Amino acid sequence: MIIAKVVGNVWATKKDESLNGLKFFVVQPVKGGARDGFVAVDAAGAGIGDHVLVSQGSSARMVFDREHVPVDAVIVGIIDSVEVDESLLGK
Amino acid sequence: MIIAKVVGNVWATKKDESLNGLKFFVVQPVKGGARDGFVAVDAAGAGIGDHVLVSQGSSARMVFDREHVPVDAVIVGIIDSVEVDESLLGK
Amino acid sequence: MIIAKVVGNVWATKKDESLNGLKFFVVQPVKGGARDGFVAVDAAGAGIGDHVLVSQGSSARMVFDREHVPVDAVIVGIIDSVEVDESLLGK
Amino acid sequence: MIIAKVVGNVWATKKDESLNGLKFFVVQPVKGGARDGFVAVDAAGAGIGDHVLVSQGSSARMVFDREHVPVDAVIVGIIDSVEVDESLLGK
Amino acid sequence: MIIAKVVGNVWATKKDESLNGLKFFVVQPVKGGARDGFVAVDAAGAGIGDHVLVSQGSSARMVFDREHVPVDAVIVGIIDSVEVDESLLGK
């Protein structure tokens, strides 16, 4: 999973019907993963400005009860805090 | 998912038969994901110039009713608008 | 999928037995995807010099009738032509 | 799999319920894979400072007894030692 | 698949029990794929110094008879020779 910040919304009226009702956010990776922002579906009640945990690939789909949802990135948690031991980052 | 622009067409007569009838577009990522353009199958009625939402990997295949389609990128929606809070992109 | 050119052959006598009979090509991405060349299994009757459509990941395996083939890249089509509207690539 | 060092903790109270009880670490790749740190779930009893083996994608989920856990990176082992023949790295 | 050279060994005593008995090698990509070395499980009887074919992602798991092995990279073949037509690499 990567840590990202929710920075925007995406609207798409015309889409695969399995995507109806989903909320699409633009997320910007903070640590790890792709450097560019991308689009993730919310499964954690996130909002703009939240730091979130994003799962990608087939694992992302695991949050859905129904099968066959063509979504490859999902916000699976809202981050309370991250604690990194900077002294370990030397190597 | 990534946001991309539909910029071209690809024609391939000789191909795996499960691909017959599919429309292949060249899409150029606008925000997130690979920087280079790549090829995605249309599942949203997209056209040249449209900004679209592209799903990749096994998730892309979820738009097909039949199984075993060797497609790893699908246009799953046509984007109406994207709203990003630029002030959040500082970090 | 990405567009690649078939540029070479790979021979491997000692390999997982599920791979017997497959043809392994070195393919060089032309547009999109990894910049370096990689190895893909042919499922479209491709030859050296052809421009091809390559599917990657679990989607690549969908061309096989049998299950459990440890292949993560397959040539799924031979490209006749690609038409890109250059004016759309500005941004 | 990649070799990474465990450098931090991530706390997320509000998350997909299938994630309850899991331990989330920030891991920093040492050799191979993404350069940036990312978040992995512990399945090997790892601790801060350990060098670990991290599996990603759908393979990561294989450590769970239950299905449908939206996790795309898991610490599958704690590394005792790595021995690389530097003379082979020339090319 | 990518072409890589086997350059080292990895030992991890404490690991997910499904990994017991597997041999972990450090492999260095020669052509294509990630530039950094990473860790792959041997399924072809490879040894240090061999040039090998490495399959990644869910496809890698296909070499195992048992399910649920959290491995995302496997050596599926030992390369005898690679023949690339350099004149095709111009573009």
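First chain written, first letter: the chains are A, B, C, D and E, and each begins at residue 1.
In the analysis below, a residue touches a chain if its C-beta (ideal position, glycine included) is under 8 Å from a C-beta of that chain, and two chains touch if they have at least 3 such contacts.
A quick map from chain label to UniProt name: A, B, C, D, E = Carbon dioxide concentrating mechanism/carboxysome shell protein.
Being a predicted model, the structure only gives us computed values, none of them experimental.
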Labels of chains that are neighbours to subunit A and to subunit E: D
Rotation angle superposing subunit B onto its copy subunit D by C-alpha atoms, nearest 5 degrees: 145
Geometric centre distance via CA averages, subunit E-subunit D, whole Å: 18
Between subunit D and subunit C, distance of the C-alpha-averaged centres to the nearest whole Å: 30
Residue numbers of subunit A (touch at least two other chains): 57-58, 60-61
Contact graph of the chains (line, ring, star, complete, other): ring
Ring topology as an ordered chain list, initiated at subunit D and continued via subunit E: D, E, C, B, A
Subunit B residues touching subunit A - in the complex, by the definition given at the top: 1-3, 29, 31-33, 35, 43-45, 53, 55-63, 74, 76-85, 88-89, 91
For the subunit E and subunit D complex, residues of the former touching the latter: 5-16, 18-19, 24, 26, 28, 30, 34, 36-40, 48-49, 57-58, 60-61, 67-73
